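Across the two complexes that follow, chain A remains constant while its partner is chain B and subsequently chain C.
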Partner chain A sequence: MNNSWRQTRILWKVKRRHFTKSVLLLLGICGAAPFLSGCWDRTEITDLAIVTAAAIDKKDSNQIELSVQVFIPSSISSGGGQGGTSQEGGGVTTLVRSEKGSNISDALSKLQSKLPRKIFWGHCKVFVFGEKLAKEGIQEQLDFLLRHPQPREKANMYVSKGKAKPILESLPPLENYSGEVLRELSDLHIGMLVTLQDLDEMLTGKPQAAALPVVKILPPGKGQKKLQGIPYIVGTAVLKKDKMTGTMTEKETRGLLWLRDEMESYTVTFQPKGVKGEISLNPVTAQVKIIPQIINEKWKVLVKVKTEGAVIQNGTNLNLSSPKSLKAAERAYQKDIEKRIEMAFLHTQDKKADILGLGKDFYRKYPKQFNQIENHWNDIFAKMEVEIDVVAHIRRQGYINKPAGLSENEVKDK
Partner chain B sequence: MIRNVGKLLRKTKEKKSLIQNDYQDSKPADELDVSFSQNVETLRSVYDNCSDVMFRSFLLFGKTRAMLIYIAGLSDIEAIEQYVLSPLMQEASKEPQPLNEFIEHKMPVPKVVKVNMLADCIESISSGNPILLYEGESDGFSLGLSKWEKRAIEEPVAEGGVRGSREGFIESLEVNTSQLRRIIKSPALKIQSMKIGTLTRTNVSIAYIDGLVDKSLIEEITTRLERIKIDGILESEYIEEMIEDNPFSPFPQIMSTERPDVACSSLLEGRAVILVEGTPFTLIAPISFFSLIQSQEDYAQRFMAGTFIRWLRYFFMGLSLLLPSLYVAILTFHHEAVPTALLLSVAASRESVPFPAIVEALAMEITFEALREAGVRLPKQVGSAVSIVGALVIGQASVQAGLVSAPMVIVVAITGIASFMMPRYIAGITFRMLRFPMMLLAGTLGLLGIMMGIIAIVIHLCSLRSFGVPYLAPLAPLKGKELKDVLWRAPWWMMDTRPSFTGDSNVYRQAPEQGPNPKRGSETE
Partner chain C sequence: MEKGKISSLQMAFLMYPTIVATAVLGVPSITAKYAKTDLWLSPILASLIGFATVYIAYKLHKLYPKQTVIQFSEQIIGRVPGKILSFLFLFFYIPITGQILRSYGEFIVDSFLVKTPISVIMASMVLLCAFIVRGGIEVLGRAAQLFVPVFILPLLLLIILLGADLEFKNIFPILGNGIMPPIKGSIIPGGWFSEFFLMIFLLPFLTDMKKGMKYGMMTVFAVMMTLVVVNLIVLFVLGSTTSTKIYPMMNVSRYISLADFFEHLESAIMAVWIVGAFVKISVFYYAAALGTAQWLNLSDYRPVVWPIGILIVEFSFWSYPSSMDVSRYDIVAFPFHGVLMQTIIPLLLLVIALIGKRNRQRKGSNSS
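Entry: the complex of A and B
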């Protein structure tokens, strides 16, 4: 009885053959397409030399030296198995290779011949310029970093004291590699944090001045190996146009951070009037507003600071829970911040470089006036008056009210 | 060639009548003969070489020749003896008049049907109802005494749950329909049945609630079922594949369930349920994509928990489709897209792996699928061996040997678990299958390829229909009110409307504003 089913089947076959053929052809073409066109930029992770930090130094006779810190993957894994990470005691997790060239791309092409894997910039978050190079100008090198698709615009930029290469060569005991040390330090916001994008904005913006953190190697402690010193941030380099013109110390840098509203973690220590000892505070909040003003053709800047702090140490005999002593302490706190900011402002004026970006603020508020003086903005900046208005409050006193270790009589309540 | 096709087409037109005759052949169309012995002879020849068919001849009230025909094992022998043979084999003096009326109305048998077609006789015998023939009567009597061995109602194996009914469908159609009827007692629950399969003559029933279901849906299902010409139906999947809207889709457009409560909830939403004899899996149509991701358990626990689990399921559904491909794409094309620390540790673990990421991923995924399949088919006693081999060999040894990187094992494991989170096994398989083309795309074109794959899948989903209902309903086309069962599992007092796509004749399923609140407390007094 199934004989007739078979007959219809034969008929269908003929009807479908053409359709099936075209579908198969279409599928074949579509299926082959990804395999023929794809894969051209496929790179296995094992074929990459992951650059974790790079340093650019000036060499003699118009040459630069590019050094890259490359991560060694096999260093943190013993090939699977027990999953033991052999990084105790600061095992070597990176290697540093350097090569000379007329510019970065030239040096890079030569460097590639020294590395069996393809250099990959995508995770390079630290760029260090040597002092000498910074003084002669970084514009040319900056162009490569911004133009090449791989380097991140969020990478941190630094200037080293002396040569930059040793920064990469140091083997920090706590972190995996020195680039990571610098990045973590910057994230603490103790010094300045300048990314590639920030640097570009600062240099192309109206003020045409930039600031970069300066790094230096902390000498290794006793009994540590020679390379075990870590790089740390010692201050700020001031760049006019793209050339480094001077440096600011750590203390000045902190004032600078206040002005740039980048203060995050700091400790203010001050002495209230008429008492012995000092009080230390940590900020809870800090808001800084910079208001440019032109009054009677006089250029002036008003810095408004609103901050609240928490006491972390009280070395005086003041009982801060009494409003009177609190007021006194707050006044001293206020004075101290005022002093810091003023000092930082004077120092930047000394350098004749508007690394605060005040030019931008003025341009936004008074575009016409600014355009007239744009050419000698630095002179105007250097002579500008500053008015600082600080509102500082102490909000928290920690776990104890009265100073520790003092008897009732010794504490000054009023 | 075109001419040939035309010729063949013309030929089939001639053959068409022949084809139709084929089905008639298997079912003799003759009426029963007037002669008793002729009828017995015909039946004997039909059931030639069928040792399980019993021909019990006896004398009706001591004088009339009679024959009882039944199949051993399908009919209740005790009942035949007690209620048929013993009253009919009494002495001649007690013979009632007329005889056929006695048989039809006075015999203590649940169901007696007069049959006069040979085909109906055969049908009756095959389904376990004995046929009584006797001399002088041209009709036969089909006695409703079928009884055969069946499995007890058990917990559904493929769709477990913590809370909710523990009953599952079984292989017997009668028991299954009775389970539906036990839940929905209203006579509005209609159950139409038909037989499909030239040899198996499988009973297939369409259940629906009159007044809720779209009449045209039932018509459509019936016509599609009637179109099936096949020798046998052994599982509801046979039917599913023959009546679904797009046969070349990896996504099921008809849902199967072995839970009566799931079937009933579908009935209450205005869907139709197709029950097939011989399998505990019943079919539900029409469905949408989201029906596959909803589980009975969502409705059997607090709505917040239900919503949470539903979102968890959506998330892991995405993972089960995309995780390995994302891993491969990022590792081969987009190294900058992962955090540095992660990239470094992945780079470290991949250092000794000899294969490219795509090969590694494909190999591991295929191995995982093999392990899963082996686990399903194996007898339970051997099952543990598979899991040991899987965990030790695949999980540990391959990493230790440096053939596979540890992150890859984690990715495969998470993907595997994610695919098991789908409450419907079939839907899980769909995603597991689609994973492989996605991985190939990721390995060749990176994230771009993955996007292409996703777009292709979404376009396909948008074009799919299940008995005319858009597959992505109510998301596309968007019906804001109906998202109450998709975006979240609304509390029961907010589930006031039925899905409009399955039937809009009776929209509201409950009284409005039943949400419990303090004001309502006194209302009832």
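Entry: the complex of A and C
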């Protein structure tokens, strides 16, 4: 009797312990739930000032000016459903704020006091350096962009002609904001496309020279508002170490793209020998191979190009359906490409900065020899000979087989 | 003490992230500092230490099949020296777990949870690991089996998604400055490969002990291949800037951009990486807890799990004032400290044990 009573007591005790344990567990789970959602320090999209583009200018006496183009989310949401009508009326989707400081982070902290939302770099795809700053060196500013966890390595880098801030301020009629214009233009490979990572690699790599696309504002047309000019790419800035030393024009840049094998959607226009008018090819594709050579202690570069294109306009009287005149046209095409590449090479040699990355190519093939001359590589580069070997073909001629608007006997089969 | 059993495949799944999890993060850049464009050769050379360590661990295990290093070192070199050596092992494994925990915390604070106090990040990880360590080796083995495939997947995904950005030319020149740079570069990953000695804490609990060696060697090979591939990806994407990055893997995964909308994937990839870090810390933690219990001749290791967890967190704070010091330890001390404790001392133990065994056998044959 006594024994069984004791047993029930123990059983009851165990049950009670089990009960308290489960209650505690339940309380623990309920207590943890509000914290696990992470809501107490959430950052909503409306708490962020999303930077779409940034410009860094040099101000006098060791000061820089940082301008950021901040996206205004409400400008898009209110225009929803109308499908772009808001932009037609010049709806402003971004605002530009700028602040001076001794470096980016200093200016940034001051800038934050002018913006009610937290500055967020994660979507910044465009960085523009002012010309003056680029001439004095970008290394110090680059450090911030590479060290800070938010700016992306894939962001595009530019140098502006003159000050960089107006580029952000312009309100392009076609795109939402000027940063987007630059990004789209770069994607078309009109000029060079240089990402933050590329720039870092160019500066830390063997040649220690970099090239950045130069942007300028296309002035607004008649009747357009003052700010409606759009930024566009006008050429290439040449940087020795981190300092800008010169620029290349648009034409020279195109040659540079040929040499770097970054050429895309390109039109070639040339004049065959002994005929009037010109032939244009588009699209043109090319494979460019740069082969470094050291022959008898002489440093030389062999550029091998394989290119082909389709006729898009024929202003001559040549009948390209006949093999003879096709050969003549191909020869002219080949000569034209040769000249282009030679000019581009001479132009980069003029600048005494190896923006083609030839130093890297030489190092890859001749590491020992390169290490010996690394210190005066730029001099060797400037005096280097180039040999160009072009194989050019015309593959297609579009919808008509003879020059348009010419009678049979005007057309020459050659 | 530990009644659970794992298969040798599960052991392989435990060991793989134990080496790879932290090795993929910082080692490519440290290796690149010395080996430059030959950084992918260094893991191949360093894996020799891994193969040697697995061999030594397995031979020791065969001599003392039911015991861990804490127990058999007493039998090999005597009670008091054995206890001292075991203490040195524990004094190696507990602080090193703290160091791993700290580098995990520093990485999270550096790149994602910038404002969260590092103590919260580290304490929550240790808490989680403590639960799994208390669960025993079987729980640990099954968790690893579940997580490791998820851990490997993003590495494969990375190769596909980065396809367009890979600059294969970066690999040249191969051995441009002779063989010395990759050898120098292999010293640091060598420290990681020596961590394979942790197998000694897992081998006694294998259901199929004979396969232990085979799976151990396969794991070393898998780790080596992973590191070679990771080093190559990093080299192809980052080129000459590899050595300037602290977490090159992170920069590489940030570089993914497919068709303008498939980007910003680093948080997904790194979330999976945390799974690897979790397995790594758990295995070290388990070894430390089991070893301590065996050193103190306890009947169960579970009661020491919580105190050791606190010790691990404390060591992670005490030992390093800054993240720079954490990586300096990895470069300056760990390759020597790790290899000494986990490869050279076990080798000496093995030699002494084999000599002792031969002497005993000779004595036995003499007396008979």
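A few remarks follow.
Everything that follows uses one rule, which is that the second predicted complex is superposed on the first by the 369 of 414 C-alpha atoms of A that agree within 3 Å, B and C clash if a C-alpha of one lies under 4 Å from a C-alpha of the other, contacts with A are read in each partner's own complex, and residues count from 1 in each chain.
Here is the rule we use: a residue touches a chain if its C-beta (ideal position, glycine included) is under 8 Å from a C-beta of that chain, and two chains touch if they have at least 3 such contacts.
Quick caveat: nothing in here was measured; it's all calculated off a predicted structure.
Shared-chain residue A:Thr204: touches chain C; no touch with chain B.
Shared-chain residue A:Pro323: touches no atom of chain B or chain C. In the superposition on chain A, A:Arg152 makes contact with both chain B and chain C.
Set against each other, chain B and chain C touch different numbers of residues in chain A, with B touching more.
In the superposed model, A:Lys15 lies in contact with chain B only, and not with chain C. Once chain A of one complex is fitted onto chain A of the other, the partner contacts of A:Trp5 are limited to chain B, with no touch recorded for chain C.
Contacts of A:Gly122 after superposition on the shared chain: both chain B and chain C are touched. In the superposed pair of complexes, A:Gly223 makes contact with neither chain B nor chain C.
Annotation: chain A residues 41, 122, 152 touch chain B in one complex and chain C in the other. The touching residues of chain A, when paired with chain B in their complex, are 1-2, 4-5, 7-8, 10-11, 14-15, 34-35, 38-39, 41-46, 48, 50, 52, 71, 73-77, 79-81, 83, 120, 122-123, 125, 150, 152, 176. Partner chain C is touched in their complex by these residues of chain A: 41, 122, 146, 149, 152-154, 197, 200-201, 204-206, 363-365, 367-368, 371. Those residues of chain B that touch chain A in the shared complex are 4-5, 8-9, 11-12, 15, 18-19, 22, 25-26, 198, 229, 231, 331-333, 335-336, 340, 343-353, 356-357, 399-400, 402, 405-406, 440-441, 443-446, 449. Considering their complex, residues 110-111, 114-115, 169, 172-173, 176-177, 237-241, 244, 251, 254-255, 257, 263-264 of chain C touch chain A.
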